[in-house]
Amino acid sequence: MTERDDAPETSATPHWRLQDDYSEGCPQDILDALASSRLESLPGYGTDHHCAEARDAIRTLIGNPQAAVHFVAGGTLANLIVVATLLRPHEAVISVESGHVLGHEAGAIEATGHKVVAVPGEQGKLTPAGVLAALRAHAAAPHVVKPALVYLSNATELGTVYRRDELAALSRCCREHGLLLYVDGARMATALRSPVGDLTPADLAAFTDVFLLGGTKNGALLGEAIVINDPARDVDFAYGVKQRGAMLAKGRVMGLQFAALLAERDIGDGGEHERLYFRLADRANAQAARLSRAIADKGFALWMPTESNQVFPILPRALIARLSTRFAFHVWQEYDEHHAVVRFVASWATPDAAIDALIAAL
Amino acid sequence: MTERDDAPETSATPHWRLQDDYSEGCPQDILDALASSRLESLPGYGTDHHCAEARDAIRTLIGNPQAAVHFVAGGTLANLIVVATLLRPHEAVISVESGHVLGHEAGAIEATGHKVVAVPGEQGKLTPAGVLAALRAHAAAPHVVKPALVYLSNATELGTVYRRDELAALSRCCREHGLLLYVDGARMATALRSPVGDLTPADLAAFTDVFLLGGTKNGALLGEAIVINDPARDVDFAYGVKQRGAMLAKGRVMGLQFAALLAERDIGDGGEHERLYFRLADRANAQAARLSRAIADKGFALWMPTESNQVFPILPRALIARLSTRFAFHVWQEYDEHHAVVRFVASWATPDAAIDALIAAL
Amino acid sequence: MTERDDAPETSATPHWRLQDDYSEGCPQDILDALASSRLESLPGYGTDHHCAEARDAIRTLIGNPQAAVHFVAGGTLANLIVVATLLRPHEAVISVESGHVLGHEAGAIEATGHKVVAVPGEQGKLTPAGVLAALRAHAAAPHVVKPALVYLSNATELGTVYRRDELAALSRCCREHGLLLYVDGARMATALRSPVGDLTPADLAAFTDVFLLGGTKNGALLGEAIVINDPARDVDFAYGVKQRGAMLAKGRVMGLQFAALLAERDIGDGGEHERLYFRLADRANAQAARLSRAIADKGFALWMPTESNQVFPILPRALIARLSTRFAFHVWQEYDEHHAVVRFVASWATPDAAIDALIAAL
Amino acid sequence: MTERDDAPETSATPHWRLQDDYSEGCPQDILDALASSRLESLPGYGTDHHCAEARDAIRTLIGNPQAAVHFVAGGTLANLIVVATLLRPHEAVISVESGHVLGHEAGAIEATGHKVVAVPGEQGKLTPAGVLAALRAHAAAPHVVKPALVYLSNATELGTVYRRDELAALSRCCREHGLLLYVDGARMATALRSPVGDLTPADLAAFTDVFLLGGTKNGALLGEAIVINDPARDVDFAYGVKQRGAMLAKGRVMGLQFAALLAERDIGDGGEHERLYFRLADRANAQAARLSRAIADKGFALWMPTESNQVFPILPRALIARLSTRFAFHVWQEYDEHHAVVRFVASWATPDAAIDALIAAL
């Protein structure tokens, strides 16, 4: 749910919907998986063979056979379960100011009793300097909360992606200071396939304690995979999933979607690139890149570099008003008297025609 | 989730699975609905037209055009959201001892800060006498919690169903004492179609403040509808849904399932019986009734009367051991030295062959 | 706060008040301590030398130089801090049905997110059999809460006291099953000085993980000492005290009271008996014993044996009505059509005349 | 507890302690009140006549005979009870960035489930513009929290005080937008007696919904009075006090202190000025003013104007190091390479000699 979900739509009857990456349903492969298992009789609560297969696929992908995997329906649910289950009551979360847990989850983290400490970021990304500043500001035990978990999202809320050395540096910083590193990967697929990124799935096993492998924003009807790299941290974690209402009776629904997304298919040269999960992300990123180039070509500035499937141009307000009659998108924030930052999001299902039409309209 | 979810399966490799009503996926109509809307581009968070259609279908079904409806993925999530959103911190829930919120949700209600007060029931059903006893035991304000919401499930955890006059009496009792009446209807369909029941959908609007119309246990892949009869109680309720992580980005997934389940189909004589939701429940109830009659015919006693889709015979332990090699079911509780109570659950998808095989094995 | 605080007073204008042990202020020694330190300038939050002295006195008393000690204002506050700080969210408390945390703290434990599991006791005392029954009833992880802390009070809510071997057996049971043992000692002084008891302060160090040494009910104006036997469990505990609002700026107020209560005074033969804390408890117990004997002599039955400073006779309702015009006490519960159980509590300050008058009135 | 409680002391063995206003015990009048009621037998939990007298004194002081008053031991406890009892789970608190609830209470508010939203202030004071900015930033229901209560402290954490028109403007703003206005008055006495202030006790009844009348920082051994102006808001509030562990068995201890502090004494011309509560505050303010003038006379700049009992000079680091060998005070924050902001606090008990010595040392 690393999404500016809350901004109002700019058009009641858009022709093309570019305001998020969960406007469409799912690829045919997921429907096929649901269809073929429709009458299969299976044990409940994620103990079925589809979930097992999906867990194995994730372990293989990241190269960590010890990883524990829990499927939950949405990102806010995943975030609050991770925090509530892994932290003691006085422990707090560190997040950049644009972090989803800070402003876009209706106080979900606080509702579990935990404070989220905000620090400034760079292009939406947390830095070790930010983490250290938060620690310094909370040194006076026991009168202040104790930061214990670093939250970041990749891709970020601003569409930027962490480079391998950036995540490595954050990981070192966290380990030096006894902090857990948790990466919200609601848009992990587009981050891993970013044209400017160098992060690999194996890096997630190496650098993070817990991360989310998002399904909803990359083609699943629902489902996020909470991946816990160290089995010792997984002790009793399932209680947390159940207690927060996230243990679906038909857990299979999530398992078989992830299994379908992550199955390795031989499509010529084989290999990792052929997983549906990454093909979908590639398509979303490619559409965003095409749009971003066209925007630049037309002389509009970008507020953030386009590194994944989100594009943040700075547009004249008159143009925004005109576009909003034919396109659904978010006006992100004011820029100056005559301009605002808007956000266009491309998804696995964004048709070429939508991008063509938008480029033409610009 | 009104399910004895926690009992261990009695067989690792069952031939026939009769331990719950969420072992199978979904009817074809639901798949068809998912397929036809697969690439439809829609707004998120339950604001799409499928959800609107499903809400209208529920309002029509219960005859309350004012009712508010929120779709969430599971029953525990629904229960905790209702309690956390509608009660003040010192207010408590009254439930029968066998209530799902008391013992089968890993402390989900308490995790939101609220105590659940247990009272004895009659065949799993709460009575006004039980409610009044709980009030008397919590009279000494402010040193005790203040009961504020009466929780019951229909059908109950023991498969019994409330009669119209029983629910009416509870409703009067609650209104006299300023208590909210909340009915967990994870198995509402089988209750409304119980061969011994006389409760109508309209009664739910008349007698309850909030109720759940369950999807997962009656054919949906996931989804429970929280129905709030008085719009005044719905003020800010959506915040509660979001804050507990239950507002799915692709809310459509639940909306279109409920729309499919509740659509009125003309299948000859038309009318309410023709909703898929009730045809599925009829089938589950019929299979349970057939099994129950056969059990009685063979001379085994029933621990509870068979009023919906659950059957609770008292069986010799030797027989239980033998059955468990071929059937999956729950051993509910000890009965005496040589007998135990077991539970068989029939669902919309239970094949005739399963019931036949079980009857033969008895 | 192990007190039936919530029962209504039976008389609006009592002559003698025997309904609790916190009706009076404090002994002169405590006033003297407050007076002599009145203008002393000290650091805050319990870091002053009076608190240090009181902590040392407690460590000496129980023979555990490693024990950590935190002073908080009241018993409910102590109980909720212990549970909230030491348990993970899915972990639950086991208590006897008459336990103070279950029914007399307005849901304070649940408000921190934790369930309290009730088990039957014997004369208000928890048994290993009760603990094991609770564990068996919560075996089905992760669908049920996980019992993690055993709560008991000594003296119990019913005035009975644990014998040394009873507490030792509970301690063994807890350690075998990975449960913390927490003893609420709001009335620990009267328990340790019970005429029928054999428990020593050192036993509290040996058998419990955490216990409360109560001040309020044994002469302090306010203050309970939370004693944590294993320093490893004390890590970050102070955060819990602060977070729940219990870290008083003038922590000295509690420290100097405990220091005064626990100072060893030479009054002839010296030794433990000479601590004011125990002299006050001896006086409360003696008054209760005198009243109890008189009640028995007059032919009234006792509902519970009188083992500390609470007396629970079964009295005719007519007599209760008559007594209530001159004495304040609690009508504890119905006994039969013509009788009820009442509770008289003696304190360190109960005058002989009050006991004399009550005996005469019987 | 509106106190920078967490900064480390700058000297292990100070000669004079100027780091807070709770370093000393209490005035003789409070000891006398404790002494004279020492053996008085009274009902518990704040239902005694001393508490009644203190409540009446507060009602008289503010001219609101309808006000409800609850005494609790400390400021963090008061703040968390007010928020937890009056807000629904999705509702949030607005506070200036320097607000005590934001950074100095170890996450106490969040531990009750509520988010605190920070806005910039002016000299530590909240403005209507700040409130409106917070509302605009949280307009996107239900994806963000809903601000519902405005928190401010008077005197502020920076020693400044709200003028009558400033509080009136905030009050209007809150009422227009359906927000509760809560004033943390841990240092209310010094604010009401500020040499530059014009706020009256009656203004607190007129402009706020709930406010705190602080005891601990103005001479009480412990105790803060939560004052609720509208009795409708007080419904069930006592449950909140009990549930958070704040209902002291010997509530009298707080009641008689407030009664002693607020009793009107005839000392010549009579009237409000003669309440001990205000005489103590006058003394604290006078000592601070004398110190502040001397600092200015010596050419040091003040970081904040001295409006109550806190003085915030900007001092050279070398001087700070020298002072810290003889005085206890807080180094508040860095100023520049060679200077830091320090905080001196004067209390009702600060001796002239301490101020004299500090002035000489400067």
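As written, the chains take the letters A, B, C and D, and residue 1 is the first residue of each chain.
Going forward, a residue touches a chain if its C-beta (ideal position, glycine included) is under 8 Å from a C-beta of that chain, and two chains touch if they have at least 3 such contacts.
What you are looking at is a predicted structure, and each value in this text was computed from that prediction instead of being measured.
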Which chains, if any, touch chain C and chain D both?
-> A, B
Chain centre separation (chain A, chain D; CA means) in Å = 43
Could you give the separation in Å between the centres of chain B and chain D, each centre being the mean of its C-alpha atoms?
-> 51
Residue numbers in chain A touching 2 or more other chains?
-> 5, 84, 89-90, 105-107, 111-113, 141-143, 145, 239, 242-243, 247
If you connect every pair of chains that touch, what shape comes out? Choose line, ring, star, complete or other.
-> complete
In the complex, chain A touches chain B at residues 1, 3, 5, 9, 17, 20, 22-26, 28, 31, 34-35, 37-45, 72-81, 84, 105-108, 111, 216-217, 221-222, 239, 242-250, 252-253, 328, 349
Which of the residues in chain D come into contact with chain A in the complex?
-> 5-8, 89-90, 92, 103-107, 110-115, 137, 140-145
What part of chain D is in contact with chain B in the complex they form?
-> 84-85, 88-90, 112-113, 141-143, 145-146, 236, 238-243, 247
